[in-house]
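Handing you a structure now.
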Amino acid sequence: MAMTPGGAETAAQAAEDSAPGGEAALVKAAPGDVSSPIIVPNTLWTSARPNSYESTAARFTHLRELEHSDLMLSDTARWGQLEVIPTKADLIIDLIRMNSLWPLLSGLACCAIEMMSAATSKNDMDRWGMFPFRASPRQADVLIVAGTLTTKMAGPLVRLWEQMPEPKWCVAMGDCTCSGGRYKRSYSTIEGIDRVMPVDVYVPGCPPRPEGLIYGMMKLGQLVKERRGHWPEHPIGPNVPQDV
Amino acid sequence: MTAPVQPHYPHPSADDPRIMLDAQIGQYEQVPPYPPRTEREAEFYTLGDGEMFLNMGPQHPSTHGVLRVVLKINGEKVVDLDPVLGYLHRGVEKLCENSDYHHIISQIDPLEYVSSLFMEWAPVMAFEKLMDVQVPRRAEYIRVLTGELLRIASHALFQGWMALDLGGLTPILYSFIERDEIVEMLAAVTGQRMLFNYFRIGGVNGDLNHEFMSRLGDWMSRAAVQHEANIGLLNENEIFVRRMRDIGRVDRDTALRMGVTGPNIRAAGIPFDVRRAHPYSVYPELEFNVPVRGSNGGGDSLDRYLLRLDEVRESIRIIDQCLHEMPDGPVMARLPRLMRPRPGRAWAAVESPRGLFGTYVISDGTDQPFRFRIHDPSFVHLQLVGMLMKDNLIADTMAVMASLDPVMGGIDK
Amino acid sequence: MTTVPGMGLVHGMGLTLRRFFAPKATIMWPEQNADVAPRFRGRLQLLYDEYGTLKCETCFQCAQACPIECIDMGGVDTRGRFHVHWGPPETYGERREESAMRRAGRPVADAAFTRFDPMDVTPVTAIAEAHDFEPKDLLPMLEDIQAAYGYLPVAALKHLSRQTGAWYAFVYGAASSFKHLRFEPPTMPAAAPAGEGLRSAEAGYVSALGAALSGKAPA
Amino acid sequence: MTAITRSLGNVSTVGKVVIPLLVLILVVGPLVTVLLATVIGPWVVGVANSNLGILRFVVAITGILLFSIPAAFIIIYMELKVIAYMNLRVGPNRVLPAGAAHSVIAGLKVLTKEDFSPTSADKTVFTWAPVMVFLTAVMTFMVIPFGPGLVGAPLNIGLLYLFAVGGMTVVGLLLAGWSSFNKYSLLGGLRSAAQVVSYEIPLTLSVVGLILLAGTLSIDSIARQQAGWVWDWFVFRQPLGALIFFIAGVAEANRTPFDLTEADSEIVAGFATEYSGMRFGFLFFAEYVNVFIMSALIVTMFFGAWNAPVDINAVLGFFHLAPFWVYLQPGELGLGLLLVIAVAPLLVTLALSAPVYLLRDSMPAWKALVVGFILFNLLVIGALGLAAYIDWDWVAGLVWFMLKAFIFVFVFVWMRGTFPRVRIDQLMGFAWKWLLPAALLNLFITAFAIVILKSAGIH
C-alpha cells in the first residue's frame, strides 16, 4: 500500500521529535542496501515451544507420558472420570450435539453487537444450526459471553451458567472475557471469565470479527465431536505447526 | 511430571457455608435482601393487593444490555418500577484519568459501542481546546464524514432493535446488512469494525484511501433506495404503528426539565441539535435540516422512531456535501509526541446519535488529565423510563425502552 | 398508516416475499472469504519494509500493549545486548496450568513458564520495600540492585517486576535504556554491539535473502 | 449325533450360526404356518371383526402419532429455511443437502439434554403438562380427513369434537405456566388462557355460518360438499367467515403476530421458560403440530378439503372422453403380457440410455446404462403414481390436501417472518370488539341469505 501523505509527515515528525539533537539517530538506508537482521546465539533463553523454534526433539515429555498413561483413557474434562465405555452411539450423539448448538441470547457489552452480526445475514451462523438464540437458559447449549464482565455482573452470569442444563459449553468472546482486555486495570472488572466459570473456547479480538466467532463455534463443534473416544489422535491445546 | 488431576468443583458438603442446600433454595428470595434504607425503597418494596415483583434483567432479551429493572406489576400492568444500574460499570473515567492523553482515545472508545467515533470525538475536541490545536480542515471533513456514516449505522441498528423488541424478526437482519456495509467501509479507513480508534488529537489517524472511497461510492448509489425499502417493512405496518402510538409520550416541559437531548428532544418538538446550537467542526458550512417531530403535547415512541429515520436522510445529505466540498491537505496537525497541556479545563460536546455527548477535562500540567468526566445522553434518557413506563403494560416497557435507544455501556460508564 | 386498513401488512408481506426470491447476502465463509480491507487491524503478521527486513525492532511495546497479552515473542533488543522473552507464559503460567487441568484434565501443551537460574532475591525484595514498591522509582531501584549484585540478573528483574506490579517489559525497557546499567557480570566482557562478530553468519543469510528477494535459487 | 457335531465343527463360524438357524426355520416355519392358518388366524380375524371400531382406532392413533412427528420436523425445517430466505440468508445447510436434517437433529439433541425440573416446581404437573399439550394437539388430528375415507374417526359431530378438544390445549399451557414456579411462566400461562379462550368464540362463530350452509357438523360431509370446481369451495360463499377463521386460527395456534404466550422480548420464553430437555421438545413439537392442524382445518373448511380445484370428470365429459384408463386392459394381452414384462424393461432401458450415450462423449457405456435404468425406474414410479392417483381417490385427495395445507403453513411462516407482535390489550380488544361482531354479522347475513333463497325456492 502506498504511503499516505499524512503518514509520511508523521513519520518524519516522529524522527524529529525523538532525536532533537542531530542527524545521527536518523537511519538512512541507501536504495539496494539490505540491512541486516541481528543474530545472536541463544544461550540464556529457553524456547516456549521447543519444536517450533528448534529442530531438536522435544525436551518436554510429560504430554507423551500422559498420553500413554491411564488418565488418557477416560474423559476427565469436565464431568470427571467417565464410568461408562463410549460406544458408537455416543459418537452419534456427539455428532448430533455438534450440529445443533443453540446459543443463549445474552450479551454483556460491545462484543454482543458483533455476536449479533455473526447471526445475521452477512455471516450466517445458522448455517451450522446455531440459530435459535434461545432467550431462556434452560433451552440453550452454549453460553457466549460477549463483553466485559464486571464484578457486579459476575454473580448473575454464573447463575445463568448454572441454570443451563448439561451438556453445556461456554465460549469466551473478546479480549475482556478472555483476560480482562483493555479494562484489565479497572477496579470493577473481572480479568477473564475463567476466574469464575469454565471456558471451552476463547475467541480473542477487540472485538473479534464475526467470522472469528463463527470459527470459535466451529472449533467448539469439533471439541464436542471429539470429546470422547478420540483423545490420543486429537490432543486439545495450542497446535502450532512444526515449522513456524 | 504428571500433576494430579483435580476435580473442578469441590465435592459438596453440608458444612460448607458457600453451598446452598436444597431446603434453602425453596424459600423465596427477598427483594431486596436488606431492610429498606430510604422512604422510596420502603414504598417501592411494599406490595399492594394483587401485585407482584417481576425482576427483568440483568440478562433479559430486551433490556439492551445488562440493565436490571424491578417491575411491580398488577396483572399485566406495571404499577411501579426500579431500575438498577451498574452491571456494566467498567470505571472508564478513572481509567482515563490514569492514561495519557493519546491513550484516552482508545480507552473511551468502547464506552458506547454502537457509536464509537463520537466517543472519540468529544474528548479529542476537549484536548484540542486545552492545547490550542488547529485541526486541518480536511481532517474535520473526514471526521464529519465518518461520523455521519456511523450515525446512519447506529440508527439502522436502532430500527432493527425497535422491531425486535416488538417481536419482529426480520427488520433487524435488514438493518444489520446496512450496518455491516458501513462498518466494513469504515474498517477500510480506520482498521477496525467497531472500536475504531481513529480520531487523534489534531486530526485523524490516516487519510481516506481508495478502498474506502470505492466502497462509499457503491453504497451511496443505493443508500437512499435501500433505506426507503427497509423502512417500508415497518413504517406502514398497522400492528407496529398501533403499538408505538401514544406510548411513552414525553412533553416539552418534561424533556427540558430532565435534560433530554438528541433525537428524543427533537421528537418532543424542540429543535435542539448540538451541531446547530453549539456549532463545532465544519458543521456551520454544511447544509442540513434539523428534523423535528411531535406536536404541542410532545412526542411519543412513534415520533422518536420516525425522527431517527428522518435523520438518516439528513445524514446522507451531509455525506454527499462532504464528498463534494472536502479540501485537500494534511489530516494531522504537527504536535509533540508527549502532550503536556497547560493547567486548565475544557468542555466539549458533540451530537452523538443518542444526543449530547460531552467530556469535561481538567489538566494539571502533567501528561495525564487530573479529572476526566463524561456526560452521556443515554444516562439522562434512562431517567425518563420510570416516568414513562408507569401505568403501562409490560409489553410497552419494551417499546418505550427501545424508542429511547439507550446503550448500557454509556449509562454505566 | 395507509388509508385502507391492512394495506401496511400486505405491503410488508409483499416485501418479505420479494426478498424470499432475491439473491442472498450471505458470504459463505469459510468456503468463500469476505472482502476484508487491507488496512484491517485484526490480523497478526510481521511486516517487512522495502528492503525486505523485518520491521520488528523487538521493542516489546506491542506485547506490552496487547490487551489480552496474546503476543508471545522472544528476541534480542535493539542494542544487541540481551535476549528477552515476553509472553503469556511468564505472566499467566500458573493460571493457564490450572485452567488447563480443570478443562482438559491435562497440563498445558507448552509448559513455557521456565525459570532462570535460581538465585537469592532477598536483596531485591529489601530494595523494593525500601522504595515502597513504587514502580515510578524504577531507576533508583535498578541502581540499587546493580549495586547489590554488580549487574542486573534476569531473575532479579523478574522478581522486581512481580514485586512492584510493573510489567516485565516495562522494567526491562527502563533497564535497557540507561547506559550505566548492565546485564552482564562485570567479570564477563560486555557483548559486542549487534552482529559485529557474526558477519560470517550474516553474510550467508544476506545472500540467501537477496536470492529470495530477486527470485533466484540460492547458489 | 457325533456325526452332526463333527461336521458342524468343520464349518466356519458363520456356518455354525446359519445352519442351525436354517434347520430351525425349516422345521418351525411350516408348523407355525399351519398353526396360524388353522387356529390363530380365524381367531384373530374373528376378534378383529367383532372389534372393528377399536382396531380402527388403534391403527388411526398409530398412524397419526407416526405422522405428527415428521410433520412437525418438516414444518420446523420449513420455518428455518423460509425465514432465513426472507432474511436474505441461506439458513441451515450443513447436514444433508440444503440442511434437510437440521430440524431432526435439533429434535434429537433436545432429547439428549438434561431433563430438569426446578426445585420448587410442582413436579407432577410440571411433567405432565407438556404431554397434555402434545396429546391434545394429536387428538385433534383424529377427525381431520386427509382424503376420502382417510380419517381417524369419522364422527358425525366432528366439528364439535374439534373445538372441544382444541380448547383443551389451553389447560396444558396453563398448567405448564403455573407449575414452573416462575413468574414469566405464570404470565405466559395466563396470557395463553386469556388469548385462547377469547379467540375460541370468534373461531367457533365463524364456522356457524358454514354449518348453516352445509347443514351438517360432520367434517367429512363438509369436505364432500366442496367437490367440483374451485368456485365450489366454501371460501367463496363465506369469505368473511374464512378471514375470521384464519385470524382466530393464528391466535389459537399462538403464532406471530399473536405469539404473546412465548414472547421472547417480553416474558422470556413464556410458559416454556423453565422447560428443558424433552419436555421442552413436547411443547416445541406441539406448537408446530398446532400450526399444521390449523392449516388443515382452514383447508378442510374453506378451501375444498382434499378436492382438486378442477373437476376432472366434467372436463373429460366436456370433451366426450371416457377416462382413458378404461381402455387399458392388461389382461387382454394374455400370454403377450408375460413377453411385455420380460422384454419391456430391457428395451425401454436401452432406449433411454441411447440418447445419453450418444450426446455425451465422455460417458462410458455402463454409466449410460445405469442412467437409463434409473430413468426407466423413475418412469415406472411416475406411471404407478399416476395410476394410483387416478384409480385410488384417496391418493389424489391426500396429494391435494397436503399441498394446500402446506401452502397455509407457508403463510403462517411468512407472517412470522414479517410481522411484529401485537400487545395484549390490543389482542383482546381485537377479539371482542372486531372479530366477534364480524363473526355474528357473518352468521346473520348467512342466515338471512339462506332464508331468502329458500323462500325464493333456490337451493
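Letters A, B, C and D name the chains as they come in the text, with residue numbers starting at 1 for each one.
Rule of thumb we're sticking to: a contact is a pair of C-beta atoms (placed from the backbone, for glycine too) under 8 Å apart; a residue touches a chain by one contact, two chains touch by 3 or more.
Note that this is a predicted model, so its numbers are computed, not measured.
Set against one another, A-B and C-D show the most C-beta pairs in contact at A-B. Look at where the CA atoms of chain A average out and do the same for chain B: the two points lie 28 Å apart. Between the CA-based centres of chain C and chain D the separation comes to 61 Å, rounded to the whole angstrom.
A straight line joining the Cα centres of chain A and chain C is 16 Å long. Chain A and chain D have CA centres that are 46 Å apart. Residues of chain D found to touch two or more other chains are 86-90, 264-265, 268, 417-419. Residue positions of chain C touching 2 or more other chains: 9, 12, 15-16, 24-26, 28, 34, 36, 38-39, 42, 102, 105, 107.
Each of residues 1-2, 5, 8, 61, 170, 173-174, 177, 193, 206, 209, 233-234, 237, 239-240 in chain B touches at least two other chains. Taken together, the touching pairs cover every possible pairing of the chains. Within the complex formed with chain A, the chain D residues making contact are 80, 84, 87-95, 99, 102, 105-106, 108-109, 112-116, 264-265, 268-269, 272-277, 280. The touching residues of chain B, when paired with chain C in their complex, are 1-3, 5-6, 8, 170, 177, 184, 187-193, 206, 209, 211-212, 229, 232-241. Interface residues of chain A facing chain C in the complex, by the touch rule stated above, are 1, 29, 33-40, 42-49, 53, 60, 62-63, 66, 71-72, 75-78, 121-124, 127, 175, 178-182, 184, 192, 194, 198-200, 204-206, 208-209, 211-212, 214-215, 218, 235-239.
Of all residues in chain C, those touching chain D in their complex are 9, 12-13, 15-17, 19-20, 22, 24-26, 28.
Those residues of chain A whose C-beta lies close enough to touch chain D in the complex are 93, 96-97, 99-100, 102, 105, 120-121, 124, 126-129, 131, 134-136, 138-139, 141, 165-167.
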